[in-house]
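Consider the two complexes below, in which chain A is the common component and chain B and chain C are the respective partners.
Presenting the complex of A and B:
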């Protein structure tokens, strides 16, 4: 029979097994890359911290060549390391390293995420939540705004011509320049805390949503639109039954970019204002008070938060598209 | 409660009356303004399609056969001349949902199951859920797709998808079916099978069908009338009444009458090209 169904009943069996194999299959290359990065990182730590390690050794009475700090300044970290190979292990465990080594960052992360009480001002979970809550609020505002603008652009020619250039222009302005102004201006009219940061997050996240959503809403081809015309469908029906569901895959792609941009926006919003809480504040504290481990731990916490947020969206995407029948189960 | 399912849906009268005109075109002209100058898609087209007719439009690409079908559907507006569909303008007929339109591609929504795809026009018309369900079951069996309502389009072959799109066009019981090369993208074997099924469907439902094709055997096998068109400008060069009986098994294609009509169509196409 020429037109038998492509997928017979029961074709879904073995999907879990396949998924498992896919995960283990994907893990090997990822672990290889991670191992490579960590190795490079350790190598980079040696020259970065060599001068401090040599001075430390000199104070402890261990012979160092050359034997004065001024003479050592003439040398690069690498050549200093080659002359004093015995001191190299100490570069990995400096108290205030120029570049902390991976295990120091890992220990700091473990200490501030798992061992500190969540309410403690040193807990990264506390600071992470401050940042993530502003990120989520800003992401929600940005997404809502982005979808509304996209609908306007698709249905109104005037908006199509007028909004898009401004939306693009808005993204060419360096956010680092805009963020302090937004915080200061909103602060002047008495708005402080979560909301100003969320505004900056929204500012960064609305753009990918507009672009993706416009493309998604315009994705139905002429034939599909003609089909609805033959049914004499209203524009609202055209939107709800065709354009909106057709845009779902495009929207999710944009949301994943948008939420990462939101997190960056929130952290940028925390940096210039002397905020006392949030991952951005921790990065600033680490830099200003010579605690590189604090800054690095905050940096990694931000990366972990971004990965979790994007991962959560990917799960929602899979579930939604599968439920809609677009993605094969 | 009515006991008969389906039989009460059919509107008696007009459709049964074999002589009443359903689509009438008089001196139809359509010119597209393009950047390379005007394109005469249709020039002085005159045609009457009667209730119960199966009319095929055949011609090389650019002869205006699809444009003519789109004019009937109210999707294009003629620049001159008159056309009525069920006594109304095509636009009024479109608003009155007087016809079902089948496109070259099935165009099923990938996020809807086959049954929910068929229900799309019924949802837009605001039919109740039970009515939608009942009609969906009926048209699924008309196109021989019982049991596939819960499948998604990607789970079906191309031929089955096109059958589902025909079911979707049948679902709201319009008396006119406009079909634009519906089997053009399918292979020969599937196309033969669907041609047979379409004839069977036409015999059972008394629809009036306008059918665009570029296949001579398909046009001759299906039609009561074959309209031969030629390009630049798109115009009708010949209208052939088919002497073939309404009952047509596939092997009728080996009969003398069939071959004679096919010859005349081919001659018409050739003459159009030289002219």
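Presenting the complex of A and C:
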């Protein structure tokens, strides 16, 4: 509500204090939200796991309020928890919880990322690499083809009119949903392993790059193009010295969308196809063989992978744009 | 037909279609040209597909020709319609509505406090980039095989893009405009209804449009992990098992049509509501 910062936050503090203030000022709200989410998660764990905890307590000879499992089935997890407050702590540390608690997931993540050998089949680094390598290969193919097509579209009116409507319309088609089937079909004709997943990843990063890159290559205005014409620049020079540099911010914006889409595509491609390695495979294995911790750890590992990939691109973007003088140093 | 001859004919079809487009696109200012050129391009690709599959004798188990897909589509409309109802009308749409309303309420809360907004915006945009669809197996296990689990997956998937866009939109009204509202003596809710909500509409619709595709993806993918014996995801996975690829493609056509129709419907509503926005006026 402070539209006019007469006394801006940190106005009276020195330069280092201000910098510190800025970092904590950005981090504090984020940390609060994250803490809130974790707190909600812990609260949700209790009713989700209460029935299992009550049954376990009954087997251990601890009195439970409705003393038969059938009677307990009638109650919701919340009311069961309210009647048996004594066994609530046990909901947080079950072996096979319906909803694992945050510290269990964190422990599983630490165990499978840091403590397992990278080559082990139980290491999430191993599975993560299977997924990320397919993602990166597909992303590279999709981005390369996307940039080429964008150049074609900008310089050929026939390509523009023919392809652009399809490129835009293709964004509304839930093609990701049939990704597993594409992998099954390619598997049926003998193409297996990295390549089918990479094709899905390539397809998904392709169109965001085309659309963003076309916008970027067209971003120089008439004045700038006229200036180059007065220099009697050739079309190649116009492309290299004006259009290509001008497209960089647009390209990076699409790259960040594209790599996130590629990763999702690879994971969905691994999910229901019986893949043995990869984060998607871990999610499914954990779910089907009653190891919810494995599934949840894979889910969070996928989140970490996405954050690392997008973060890496953001760093490259900042360095490049700074180097080019587009972003403030 | 021998493969070289088949390829030669395919090239001829391509050259004819492309040549026609090159000629037509010399007059891009004509409205019918803008419609005809992409249509010809699509038709050319379909023709080449049909021709190559037939001429080279590609098995229908690998790639059925478009005509077979169309025939399957026409003969199985009742099954396709039942799948559409189960997946889109029962799974995707309720989940989409639920996720959008939840996102909207949280966004209003976030908007009331600058602190909350600075927390929710980065966390939300981080969540929006995550492969949330991975929760599908977990949700199917929790909520059972029917449409409830699909709607829940869809709700979570569409929540974050809509939330981030709504929060960003609600602060898009600039300081001058907000000052003007204050000089009118408008309170929080009045300025929300008269200024900031209308100003946020282009952002909100951006989120809503992105989420239409996500909703269909979530609903279909969740069906791979358990569903009643009806639904697009169910049909796709069982048809692949039976090697009935023409049925798989027919479902893909349904998904494409449903996706475009859903997106188009949201875009039409957007046009009616944000008619004042430059991006909408430029077109007419």
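Here is the rule we use: the second predicted complex is superposed on the first by the 299 of 329 C-alpha atoms of A that agree within 3 Å, B and C clash if a C-alpha of one lies under 4 Å from a C-alpha of the other, contacts with A are read in each partner's own complex, and residues count from 1 in each chain.
Just so it is clear, a contact is a pair of C-beta atoms (placed from the backbone, for glycine too) under 8 Å apart; a residue touches a chain by one contact, two chains touch by 3 or more.
A quick note: this is a predicted structure, and the numbers were derived from the prediction, not measured.
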item	value
More chain A residues in contact [chain B versus chain C]	C
Chain B versus chain C as contact partner of A:232, first or second or both or neither	first
Which of chain B and chain C A:58 touches, first, second, both or neither	neither
Which superposed partner A:111 touches (first chain B, second chain C, both, neither)	neither
Overlapping contact positions on chain A, where the chain C interface meets the chain B interface	3-4
Chain A residues within the chain B interface of the complex	2-7, 223-224, 226-233, 237, 241-242, 245-246, 248, 324-326, 328
Residue numbers on chain A that touch chain C, as the complex places them	1, 3-4, 26, 28-34, 37, 98, 157-158, 160-166, 169, 171-178, 180-181, 184-185, 188-189, 256, 260, 263-264, 267-268, 271-272, 279-280, 283-284, 287-288, 292, 295-296, 298-299, 302-303, 306-307, 310
Residue ranges of chain C in contact with chain A within the complex	18, 21-22, 24-26, 28, 33-34, 37-38, 40-42, 61-62, 114-120, 122-123, 126, 129-131, 133-138, 141-142, 175, 178-179, 212-213, 216-217, 220-221, 224-225, 232-233, 236-237, 240, 245, 248, 251-252, 255-256, 259-260, 262-264
Contact set on chain B toward chain A in their complex	73-75, 94-97, 99-101, 103-105, 107, 109-113, 120-121, 123-125, 148, 151-152, 154-160, 172, 187, 189-190, 193
